[in-house]
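Letters A, B, C and D mark the chains as written, and numbering starts fresh at 1 in each.
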Amino acid sequence: MTRNIKVETLKQIPIEKQQVELVERKGIGHPDSIADGIAEAVSRALCRAYYEECGAYLHHNTDQGEVVAGESIPQFGGGIIARPIFLLLTGRATKSFQGKYIPADSIALEAARNYLKDTVPSINMERDVIVDCRMGTGSTDLRDVFHPYDTSRIPKANDTSFGVGHGPFSETENIVKGFSDYIDDDLRAKYPAIGTDVKIMGLRTGEDISITVAAGMVDKYLSCMDDYLETKEIVKSSLEIEAKRFTSRKVIVDVNTADDINNNSVFLTVTGTSAEMGDDGSVGRGNRCNGLITPNRPMSMEATSGKNPINHIGKIYNLLSTEIAMDCVEKIDGIEEIYIRLLSQIGKPIDQPHVASAQVLPAEGFDSAGIFSEVDTIINDWLSNIQSVTSRVIRGELNTF
Amino acid sequence: MTRNIKVETLKQIPIEKQQVELVERKGIGHPDSIADGIAEAVSRALCRAYYEECGAYLHHNTDQGEVVAGESIPQFGGGIIARPIFLLLTGRATKSFQGKYIPADSIALEAARNYLKDTVPSINMERDVIVDCRMGTGSTDLRDVFHPYDTSRIPKANDTSFGVGHGPFSETENIVKGFSDYIDDDLRAKYPAIGTDVKIMGLRTGEDISITVAAGMVDKYLSCMDDYLETKEIVKSSLEIEAKRFTSRKVIVDVNTADDINNNSVFLTVTGTSAEMGDDGSVGRGNRCNGLITPNRPMSMEATSGKNPINHIGKIYNLLSTEIAMDCVEKIDGIEEIYIRLLSQIGKPIDQPHVASAQVLPAEGFDSAGIFSEVDTIINDWLSNIQSVTSRVIRGELNTF
Amino acid sequence: MTRNIKVETLKQIPIEKQQVELVERKGIGHPDSIADGIAEAVSRALCRAYYEECGAYLHHNTDQGEVVAGESIPQFGGGIIARPIFLLLTGRATKSFQGKYIPADSIALEAARNYLKDTVPSINMERDVIVDCRMGTGSTDLRDVFHPYDTSRIPKANDTSFGVGHGPFSETENIVKGFSDYIDDDLRAKYPAIGTDVKIMGLRTGEDISITVAAGMVDKYLSCMDDYLETKEIVKSSLEIEAKRFTSRKVIVDVNTADDINNNSVFLTVTGTSAEMGDDGSVGRGNRCNGLITPNRPMSMEATSGKNPINHIGKIYNLLSTEIAMDCVEKIDGIEEIYIRLLSQIGKPIDQPHVASAQVLPAEGFDSAGIFSEVDTIINDWLSNIQSVTSRVIRGELNTF
Amino acid sequence: MTRNIKVETLKQIPIEKQQVELVERKGIGHPDSIADGIAEAVSRALCRAYYEECGAYLHHNTDQGEVVAGESIPQFGGGIIARPIFLLLTGRATKSFQGKYIPADSIALEAARNYLKDTVPSINMERDVIVDCRMGTGSTDLRDVFHPYDTSRIPKANDTSFGVGHGPFSETENIVKGFSDYIDDDLRAKYPAIGTDVKIMGLRTGEDISITVAAGMVDKYLSCMDDYLETKEIVKSSLEIEAKRFTSRKVIVDVNTADDINNNSVFLTVTGTSAEMGDDGSVGRGNRCNGLITPNRPMSMEATSGKNPINHIGKIYNLLSTEIAMDCVEKIDGIEEIYIRLLSQIGKPIDQPHVASAQVLPAEGFDSAGIFSEVDTIINDWLSNIQSVTSRVIRGELNTF
């Protein structure tokens, strides 16, 4: 069956030439990201359990839940959590299938606790966190069981919904994402005082890029205010050096700009996340599935994290749109920018979107026609292999926030 | 002090000429909208209480919370809620100020219960809902107390963040919003079987507009399947007539397309919201503050509902951007489209954004230069009167979702 | 089948002649009594629903649950609840039976809310209370369905357990229970400032009876400290007069002895129950099913309230023991005191206790032998009609605390 | 100041000569005992923290809380927990004192989790338990701070309340308590299939003692029904041998009498406690502080566990009454039975009870008068050293259930 794929030329000022560009990323320890990460960890744990017990992946959606902030009294050398963080796990999951019982609540609790322990290593899981679970019971429609080795049966779209994605990243997008990765993969190992709640806000005005970093510092690794200030300075200078990998524009980095040193009011935490001290978090309120918040770009409101990767359009089409866009950029010459939108129709096979739309901004000197047919082919290929998205999500190979 | 306002020309294909346009609105009874509505109702109730007790508006943020779905057994003539809906109220609020105690939890509970009763009138508040509250204690910085009659003190931005808005609405946007209002203001009074959980998805492909309506029907107002089908037909035909007010394009309306009549599987509910039967909801996951989800337009991820209207950029700048865009369209000739972005800097007065950016797509035959200076003036005026946004939010004159 | 009934003579100093006697009663608004009352209200509501839906009474036990105290700021003329009271309903109930679904959680919520509203009339149910429910799912063994008009099938004991009861009440017991009833039925109507949380402690030392009353006063009915003191005085004097109905001994009544008038520390409340301000309550921690706590008498630890009245020994045998003891006292001459103990064996019909034991203290001049055979007959009769206890509990004719 | 101590002769049939005697003990893994144990563990942990932080013991009461049962699917070789157990911690605690903040919620969570892990070792703490905390804030009256090395300041009684105790244990009491200890200290190490939820019910009828043991078996240590039956047989025979240490009467032991082997319905569990499968537990509903439930003896309704050991009469006087009774029996010849009752008066020093009453049943041939004066002396001595009870509770040397 022919797919409804529409490719059109986009006429607009390329992102790099727009006067003002905003890009934001909430690090893995930001309360919203914690909510996302837990939601996705629960979904993956359920998938593993379903496969072990039933040989197939069953229906569930855990793209909900709430991180209710605690209260803390940080101090140099090590403070205390005064009121525990409260996590509410919700959503629903198949708990019983063909005579097998799958203890979804227990699986969810364990996945959430393990995820939190990994993401906020300074937290004391026995004292400082309450994880509650009010997950409902879902049911698995036999038509939507996903058998990983039987790709003949394509699940039906759970809803009339859509996904969007774009490529390539702009310089500012690359910087914001790159800084976040650099801190997580590199800098924190050397400077454990840098917590995982690092929010990076990038603003490009013309040719000037200003990056504002809000990084919760872990008190036990800092003996005094001087240590704190020194760590801020290290973050700033390291990132300004790192910036050169992404751009030749001028990049200025500011760290924890709200600090008021004179009043001893700085971004000091016990665990490295502001969830300990007043900032709640929710699934789907933070980064889009490409890891960024980009108000200059089309975005979907759907939470990607925690949705089932079998037939939930809000998850699959957002991930797929981004994959397609990036793949087009990589394989096809002459794409300045590409925007993908996939729209489903409830009850129709997910490899047959109601419409798959691509908007292409060709680079100067390139011809649209040639690009268009290649884009069409790539979209068609990806849709033919849509279940590879499901498989990669389950294996944890695709980030969702 | 001069404000940093940047107006630039936008070169892009106008929305009405793009091949594919998507627009969505979640009605007031959709679980995400219920979460939004409660968050905002709580914030307003707190504002009223603060003013009564302290003569000023105090710090709070209630832009969190979770609607955990129940389970129901709908049936024609009237079914039952089998497991109550659970609402968790979180966020934080000032509970004590200058010797006065403000019982924020009690205020939040009452506001949430009243709001739910109004929005889902078929729900039995004594049986079918559990409202829990885990709201933390906030504190009010004296500099950020908002005295409604003292406009000399401008609050400081709570965060480095931004808001976006656009104008005018496209035809599809007008239709989706117009349909929703028409159902709420008109159709439901005549046909009470139409619940408040009405999700409207608009897809324009070229000149064809397809509107998919998912409307939870209230079982007690329908005696049998024929009643149900008749009501669906009424919705469809009423909306197709209503569509003519917004467009001369062809509009096709489909209602509850996932129904499987043969298997008695239709969108029947006890209360008119899918929150009764498996769909959770969260603040900030649904409509943007202009009432729509518009992936063809720039959007902010920020939840507008529930944030304090005094210094929370995620609320004030999103509302203000939309107000400015609409005001420009109304007052200035020749604007095909306008996009407003306001970026704050934490700790700076909210009337002094780090940058206020406008992108204007002039209508054919209009000159940018003239438009630009008028836009600049309008932005400047609105920023000078930014506290009017606060006042209007508190009075309930601005919708947030 | 012959029942195993053992009657023996008790040789001990009659209660009235013991030097020290202690008797306590927690009024209906005491946190423990609230927990009891809600547990029983839920059980009754479930029974009614089961009968309406299924024509029979099904398995459930709701003899659990917790009243978590709030915080309040009482003041003369009317104060506020600063943190809502939290009620957790637990236990388990049959939710599905022969194709019918019974929404036990909803029924429990409604029953609990209604009960609380009736018992603590000054409470604002929309603001000042959170009622949560985590009731599990029970299952009804077909052998233990109770059909009210089919007395041929006797349920099987749910456990190896026992009940105890005694009669008649001593003077001190009569006073404590009588005072409580008098306040509830009479005095409060005239003096609404007297809350429902009235704890009465009776101590008889020889011939002196000292009654200590702790009565939470409702602040909105008292304009000042003088009002408060006057109300205390009214309680004291009214009860001292009332005492003459029960005894010719000297009775001294003290009210709110912990008051510290100079420091404005008195037992003032917003709603008339200390559950608003720091005192938690649990099912089964207060009065025994005869309405009293009597450490001079044998007592059962079992919570009577909330247990199912069909086969739960902890409920039925405690109620029945008390009924038997009181009936013996009424019908048989010469009983100074009688103590009944009923012991079940799990899985055996409830009308066939493992042992039914009576200990009789004959009045002076009476012969044991005659009394013994009459007691045996009365016990046998009651056991033959044991299901009347079930029926009366369901109709609300037997108090459980 | 002279204490009000009253000693009188008790005339009654000694317990061993009464026809029917009932004694019960709920083992440490019974849901009610788990609730008690957690309550007491939390109180002790708070005491330790208070002492470390403030050098003194501060006000708290954690004698509340609820164990809400989960659901399980046990099977030979190892089953699963299908729904986690839910623990609610309530009560109140001083969280701030003289500028120090004590994170009472975190302390409570950790103590509860550790206690549960120790008591139900087969439970998976990451998966199968939710521990929530809704503990209120208490305040410490400076007069009631307990300084362990300053015994000059005697705390004031928190309430008008009482404690009761008796000695010596009867044979049946000794058997029931002895069996429980033997299983915990000896048998379980050899036969780990024996869970910690062992309820022992003793019934003496004349000279026959019948002991009914309900012992939850841990499924992973049993490969099949034969293993189960063999373990039951081991418990029965071991206990019948053990019985000879306590009595020369005939003792018959029955284990898990409700088992229905033919229908595969036996007392099999995943973790060894019925809290996993439907039985809720509450503080204060199980054993009295002497470890037993004894309806033939005077009992207090007060929960001893979790109350603060500084000034809470419901804890101190129950523990002290039992200590006094046992001490009298040990030191004084000729006491057949002794019953102690201590009654406080709110606000008075705890070493000055309103009345301390002893009822003594002298052994045959012994003279009351001599006994009385010795009892008076012992009571007086204990009251003079009442704070040793506090110290021993804090050190964990006194059992409370």
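Methods note: a residue touches a chain if its C-beta (ideal position, glycine included) is under 8 Å from a C-beta of that chain, and two chains touch if they have at least 3 such contacts.
Every value quoted in this text rests on a predicted model; they were computed, and no experiment measured them.
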{"item": "Contacts common to chain A and chain D (chain labels)", "value": "none"}
{"item": "Maximum centroid distance from chain C, chain identifier (CA atoms)", "value": "A"}
{"item": "Separation of mean Cα positions, chain C and chain A [Å, integer]", "value": "56"}
{"item": "Rounded Å distance between chain B and chain C, as computed from the means of their C-alpha atoms", "value": "51"}
{"item": "Distance from chain B to chain A - Cα centre to Cα centre, in angstrom", "value": "24"}
{"item": "Touching two or more other chains - residue numbers and ranges from chain B", "value": "83"}
{"item": "Contact graph of the chains (line, ring, star, complete, other)", "value": "ring"}
{"item": "Chains grouped in pairs wherever the two touch, ordered by label", "value": "A-B, A-D, B-C, C-D"}
{"item": "Chain D-facing residues of chain C, complex", "value": "6, 8, 10-13, 18-20, 22, 64-66, 68-71, 83, 86, 88, 90-92, 134, 136-138, 160-162, 164, 201, 203, 205, 212, 214, 257-258, 278, 280, 282-286, 288, 293, 295-301, 303, 341, 343, 345-347, 354-355, 357, 359"}
{"item": "Residues of chain C defined as touching chain B within the complex", "value": "73, 80-84, 95, 101, 103, 105-107, 109-110, 113-114, 124, 126-128, 130-133"}
